[in-house]
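Chains here go by letter, A, B, C and D, matching the order in which they are written, and residues are numbered from 1 within each.
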Amino acid sequence: MASSPKTSSPKTSASKTSASTTSAPTSSATTSSASSFRQRPWVRWGAPLLLVAGLAVLPLVMTEGANDTLARIGVFAVAVLGLNVVMGYTGQVSLGQIFFLGLGAYVTAYGVQSGWNIVLVFVLTCLIPAVAGLVVALAAARLGGLAIAMVTIALPIVGVPLAKRLSDFTGGSQGLSARFVEAPEGSGLYDDQWQLYLVLVIGGIVFLMTSLLVRGKYGRAFAIVKGNENVASSMGISPYRYKVLAFTIASLIGGVSGFLYMVVVQYTSPETMSFGHSIELLVAMVIGGAGSIVGSLLGGAFYVIVPDVTNAIDPSLTALLQGALLLAVLFVLPGGLVSLPRALMRRLRRSPAGRGSAAPPTTPSSTPGSGTAAEQSETERQGHA
Amino acid sequence: MTLLELEGVTASYGPVQVLDGVSLSVPEEGAVGILGANGAGKTTTLRAISGTVRAGGRITFDGKDIRGMRPDQVAALGIAHVPEGRGTLGDLTVRDNLRVGAYLRKDRKGVDKDIDYCLDLFPNLEERITSNASALSGGEQQMLAVGRAIMSKPRLMLLDEASLGLAPSTAKNVYDAIRRLRVESGIAMVVVEQNANLAFTLVDSATVLETGRNVLTGTSAELKGMDEIRRAYLGG
Amino acid sequence: MNRHSRSRKALGIAVASALAVTVTGCGNREDAGRSGDAAEGAPSPGITDDSVTLGITTPLSGATAGPGTCTVAGVTAYFGMKNAEGGIEFGDGQTRTVEIEALDDTYDPQQAAANYDQLKDEVFAMTAGLGTPTNRAWRDAAIADEVPQVLIMTGDPLFSDTEESPWQLGFVPIYQNEGEAFGELLASSSGNHRVAILSQNDDFGAGYVEGFKSAIEGADNIEIVDELTYEATDTSVDAQITELANSDADVFFNAMSVTPLVISSLQKAQQLGWTPNWFLPSNTSSPTAILEPGGAAAFPGIYSVSFSKAPQSPAFAQDEDVQTYLAALPQYGNYPDPPAFPHCQWSWMVGATLEQVFMEMEEPTRDSFMEALRGIEGFEAPLMLPDTSVSTTEDGQPAVSTVVVQKYNGRGYDTVESFE
Amino acid sequence: MGKFVQLVVDGLSTGSVYAALALAIVLVHQATGLINFAQGGMAVLSAYAVWWLTNRGLPLVAAILVAIVLSVVFGALVERWLMRRFERGDPDTAVVVTIGLLTLITGFAGWLWTYNNQQFPSLFPLDTVSFLGVSVSVRSLGTTAVIVVAMLLLQGLFVGTKLGLALRAVAINPQSAAFCGLPVGRLLMVGWGLAAALGAVAAVLVAPQLTLTPGMLDNALVYALAAVILGGLTSPIGVVIAAWIIGILENLAAVYVPFIGFDLKVAVPFILIFVVLIVRPQGLFGRKTVVRV
C-alpha cells in the first residue's frame, strides 16, 4: 500500500533481528518476573483450562444481547484473523478478505436452503473459498506490493455485481435467508446461547490452529517472506509458494467466518461483501494489532462494538465518531490495541526515571521536528542494496 | 583551530544507554577515525553529531552549539553525513541524487562544476549518470553517497563504514578517491570504519570506543604502534 | 513465548467479553430472560401508560444516508408535533407520547440485524427503516420474536405477503405497482410506441421493469427496443444513454434511484439530441432537486407516479398539509434544509398512519397493534394526493398501493389520465 | 460507427473524472510515499467550501481560489498534526489512518451540511458541441482541458523543478534527504498542501456532474486507484492516460462484449491492471525500479 520503495515493508529489518522474534511480535512485552510466574506448570495448564471453563459458562449467564454481540465479535475476529495470516504475518496487502466471508456465507445459505447435510455444507464452506483463494493467489502472488492490493480490491468490487447476476444461487439483491441454527431439543438452551457456543467452538478451533501455524515452521517462513523476499529466496524459501499458501489459508478462514456469519446473522446479500466492509476489516486488523492472534480478537471486537457504541452516543454522528475514535486509538497506540499493555508498562517504567516529556524512546528516530528515522532508512537500504 | 568538538556526549535507544560520555575533537581540514567493536557506539556518535539521535553533553561546530538541531539544520551548517548503508535515493537517477545533494546551493554554475568533479573523482558514475541509483552496484552506490555529500560543499564529512559489504579492491578504490578528495578540497572528516587498515590510510588520528566511552585516543602513528590495536583491529 | 501469548489471549477474550457485557448488557434486563417470554395479555415491551417507543434501523451514514436520514426525520417530526400537543389518545383510553429510537445501520444487513437485536426489547414496534437487504436481514428474527416490523420503506413484495410475513407490512407501493401504473397508461395510448429501458441492477430496478412489462403484455402498440442496466455505484451512465439514444425510442422507462445519475441522464440525452417521453420512479422525480437541474423542460413529457404531494412544488405552496409539514420538519425533526428526497414525506405519512393504528389499538400489546394495523381502510394521510390512500386490508399489497401517474408541467406535477 | 465514437468520447469524459482524483493521489504518493484514501474526502471538503462561499454571494472563481488556499493550509495541517506521527512507521497503519480521516471528514460534512444532494455551480456551460456526429458538452471539454493542464504542470514539477526533486527525495528516503539539508517536515507539508489544492480543483470540476454529497468521490476513488496503479505511480501523464483508457474500455466492453455487459464492466480496469502488471510490473508508464540483492 505504500510506495514502491517501501513495499518491501516495515519490518525489512527482520533480517537484522532474528526471524523468530518477528514471527511472534507480541513477545518481549512482559517483564521477566511475570514470565517466571507463568512458567509454573499449574499456571501453564490452569490458565487455558480456566479460560475454556469461563467461555463454557459465559453464554449461560450473559444476557441475550451480550451473547449476540459476542457471537458477532467471533465472526469478525475470525475474518480478521484470516486477513492477518496473509497481511499481518506474510506482509501481502489484501483488500479482498470480505469477498471470502461473503462467498462462505453464500455457500452456507445455498447449501442450507437446498437441504444439504450441515457437515457437508460446512466442508464446502471451507473448500470453495479456499479454492477460489488459491486460484486468485496463483495469479496475484506473482505481483507484489500495491499490485496485489489492486487485484484483491477487485474481488469485492466485482463480487457484488457478480452475486447479483448469479441470482439463481444468490437470490440476487434480495439475498438469502437461512435459519438453520436452532438449539437442539432437550438441551435447554436458547438459540442465542447455542449460536454463541457454535461460534466459540468453531472460532476457537480456527484460532488455535492458526496460532499453531504462525508459531511453527510455516509461520517463520511467512515472516521471512514478509521481511525480505530476496532473503527468503536465498534461504530456499519460495516467496511465491508461501504467498499462495498464506492467501489460500486466509481465504479458507474467510470462508469459515462466512459460515459463522450465517450462524449469527442468518441472512446474506451482495451488501455483505461490499468493498467498504473489506476496508473496515483492514482497519480492524490494524487497530487490533497486525500480526497478532490477540490483535485479531481485539480487531473483531472493534469492528463490532464501535458501531454499537457510536449508535448509542448519537446515531446521526456515527461516521464522525467512528473516524475520530479510529484516529484517536492509532494516535495513542500506533501498534494497535494489542500494544496497550506494552505502552502502559513503558509509561510505568519511565515515570519514576523522571524523564518527563521525552518522546517515546522506542527508536532513535524521535528527534522533534524533522524526525528522521534511522530504522526506516535501514529498511530503504535493504530494499535497494 | 578546532572545527568540531564533542564533550561528554551521551545518548540512549530506549532504556539502553549507547553513548556514555564520548569526546572527540576534529581540527579544521583534519581527519579523525573512530574505532571500536560492534555496538561500541561509533555510528551513534555520528548520528549524535548530525542530529538524528537525541544526545546529551556538548557538541559544537565552528564554535556553535549544534546539539539538538534538526539534521537538515546541521547539514546547512556544512556537515555532510554519509550514512552506513549509503542511503542513496533509489528511485532517482545518479544525476538527480547529486542534484539533491546540492539542494541548499544557489550557484548553478558551481553545482554543474562540482557534478563534473564528482564524475572525475568516480569515473564509474559517469557511465551510469542516467541510471536509477537502485540499479548501481554496492561500490557505485557508495561512490554516489560520497559524491552526494561533496555536492553540498561541506566543511566536515561524516563517513560511516564506507567499505562495508564491498570487495577489497572496490573498498580500496573508494578510499583512494576519498583521500584524493581530502587532499584537493581540505574537507575535514570523521571516519567510522571496521577495517582499521583502510581507516589509517585516511585519518591523522583516531579514538577507540568501548561501550560508549573513549578508551584510547592518539595519532595514527601512535595507535598503529600499539599491540592491542594491532591485535584487535589490524589483524596482526 | 508461547505461554505468554496464550495468557495474553485469555486477557484479550476477557477484555472483549467485558466490553461486550458493558456495552450491550446495560440495557434493561438484569436476568438472562429471552424475548417471547412475556405472559399472555401483559403489556409488551416499549409501552407504558404514558409513552410508547418505536425503533428504526436505517442508514444514517454512508451512500444511502440521504434518504435514510429522511426516513427518521419525517416520523420524528410528526410525533414531535403530536407530543407537543399533549400526545395521542390510544384505543385503550390512555394518552401516550411517542418516542423514536433510531439507529444507524449504514445499509449493512449485519448491522441492521444487530440494531434490531439491541432495540427489540426496548421498543414496542420497529418501523420506517429504509432498504430491502437491511430489512430482510432481521425479518425472520422479528417473526420469531413476534416484534412488529411495519410501514417500512421497501417495495419488496415479501413484506406485504401476510402469510410469509405475519409481523411485517411495507409502506410504499411495491416497485411492481409503480411500473405497472405507467405501463397501463402507455398501453392505453392510441399511438404506437418504441420503449427503451434503463434500470438499476437490483430488486428495485427489476421490480419496476417487471410491473411495466406485465402491464404492456399483449398491447401491440408497444415495443421494447432496448433494455440496459446500471449499478447504483456507477459514477456515470453516459454510455448507457448513448446506446439507448441510438435505438431511437420515443419512450424512455428509467427505473433509477440515484439522484445525480438521473440529473446527468437528462442532460446527456439532451446533448445527444434524444428527447423521448421519460418515465421516472417516485423517489427520483423531485421537481426542484432533479428535474430543474436536469433541464427536464426540454422533453415532451416527464412522467412519474406518486402518492404524495411534492412540498416544494409551487402548486402546493398554500396547501395546509404541506405548510404544517415544512414547519414541523426543522422544528421537531432536526432537518434544517428542505429535503431533496421524498422519503421525508413518506416517513411523515408513516407517523400519521401509526397514529391511526394507536387510536384503534385496544390493548397495549403487539398483538393488538398488529390487529389494528391490519384494519385500516381508505385512510387519507396528510400529504396524500387525491385518489390515493392507506389501506392495509388487502393481502399482498403494502399500506399504500394506489398511485397516480403524473406529468411534469415545468414547475410541479399534474395528474394525468391518458398518455399524449 | 457514430455510436462507437460517441462511446469513446463518453469514456474520455468519464475517465477525466477518475483522472482528476488520481492526479492528487499521485502527488501525495510522490511526495510522501503513501496512498491517501482520504484524498477524495479532503477534496469534497474543499468543494463544500466553494459551495458555502458561493451561497454567501462570492463569485464562483473567487470562491474556488479561496477554497484552494484553504485546502493548501488544511492539507499541510493534516500532514503536520496527524500524518507526521505515522510516516515513519508501518505503512499499513498510515494508510488506515487516512481511511480514518476519510470516515471522519465524511461524517463531519454530513453533520454540517446534511446528506442532501446539493447542486454545484459549474465553471463551464452545459452547451453541446457536435462534430462528426458526436456530441460532447462544453463542460466535459473544459474539465478535460483543465486536467490536461494540471497533468502537465505536475509532470513539470516533478521532472523539471528543484522543489519536485526535493519532494521525491523526501518520499524515497527522508533521512538521506535531511542529510542533504532538505527541510523534510516542511517539504512533506508542502506535498500534502499541493495535493489538497489539486484535489480541490478536481472536486470543483466533477461536483457539477456528481452533485455535492459527503460521499461524492467514494465511487470514483476505486477507479482513481486503478488508474494510479495502471499508469505507474511515478508518472502524472501515465496516470491520466490510464484513466482515459479505463473510461473508454469500460464503455466499449459493456456495449460490445455481451458477457461483460453494464453490470460487470467494473471488472474491466482490474483485468487490464492484471494483464498489464504481469507484463510490465512498473505500470504502463512508470519507471522501472531494479532491485538488486
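Definition applied: a residue touches a chain if its C-beta (ideal position, glycine included) is under 8 Å from a C-beta of that chain, and two chains touch if they have at least 3 such contacts.
Quantities reported herein were computed from a predicted structural model and do not represent experimental measurements.
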item	value
Chain separated most widely from chain D, comparing mean CA positions	B
Selected pair, greater C-beta contact count between C-D and A-C	A-C
Geometric centre distance via CA averages, chain D-chain C, whole Å	35
Between chain A and chain B, centroid-to-centroid distance (C-alpha), Å	44
Centre distance in Å when chain B and chain D are each reduced to the mean of their C-alpha atoms	42
Chain D: positions in contact with at least two other chains	106-107, 110, 172-173, 175-176, 178, 183-184, 263, 266, 289, 291-292
Numbers and ranges of chain A residues touching at least 2 other chains	4-5, 161, 164, 316, 318-319, 363, 365, 369-370, 372, 374, 377, 380, 383-385
Per-residue multi-chain contacts in chain B, two or more chains	52, 70-72, 83, 87-88, 90-91, 134
Touching residues (chain side chain D, partner chain A) in the complex	29, 33-35, 37, 82, 84-86, 88-97, 99-108, 110-111, 171-176, 178, 183-185, 222, 225-226, 229, 233, 263-264, 266-267, 270, 273-274, 277-278, 281-282, 289, 291-293
Chain C residues touching chain A - in the complex, by the definition given at the top	1-17, 19-21, 23-25, 27, 29, 32-35, 60-62, 69, 102-104, 106-111, 113-115, 117-118, 121, 132-134, 136-141, 144, 156, 158, 201-204, 206, 231, 233, 334
In the complex with chain C, residue positions of chain A that touch it	24, 26-27, 29-30, 35, 38-39, 43-44, 47-48, 50-51, 54-55, 58, 60-66, 68-70, 72-73, 160-161, 164, 172-175, 177, 179, 190, 192, 207, 211, 215, 261, 265-272, 274, 276-277, 293-294, 297-298, 300-301, 304-305, 307-312, 315-316, 318-319, 338, 341
Of chain A, residues touching chain D in the complex	1-10, 87, 93, 139-140, 142-144, 146-147, 150-151, 153-154, 157-158, 161-162, 164-165, 230, 234, 275, 279, 282-283, 286-287, 290, 316-324, 326-327, 330-331, 334, 336, 363, 365, 369-377, 380, 383-385
Contact set on chain C toward chain D in their complex	61-63, 65-66, 68-69, 201, 228-231, 233-236, 238-240, 242-243, 246, 259-260, 263-264, 267, 270-273, 289, 293, 295, 335-337, 339-341
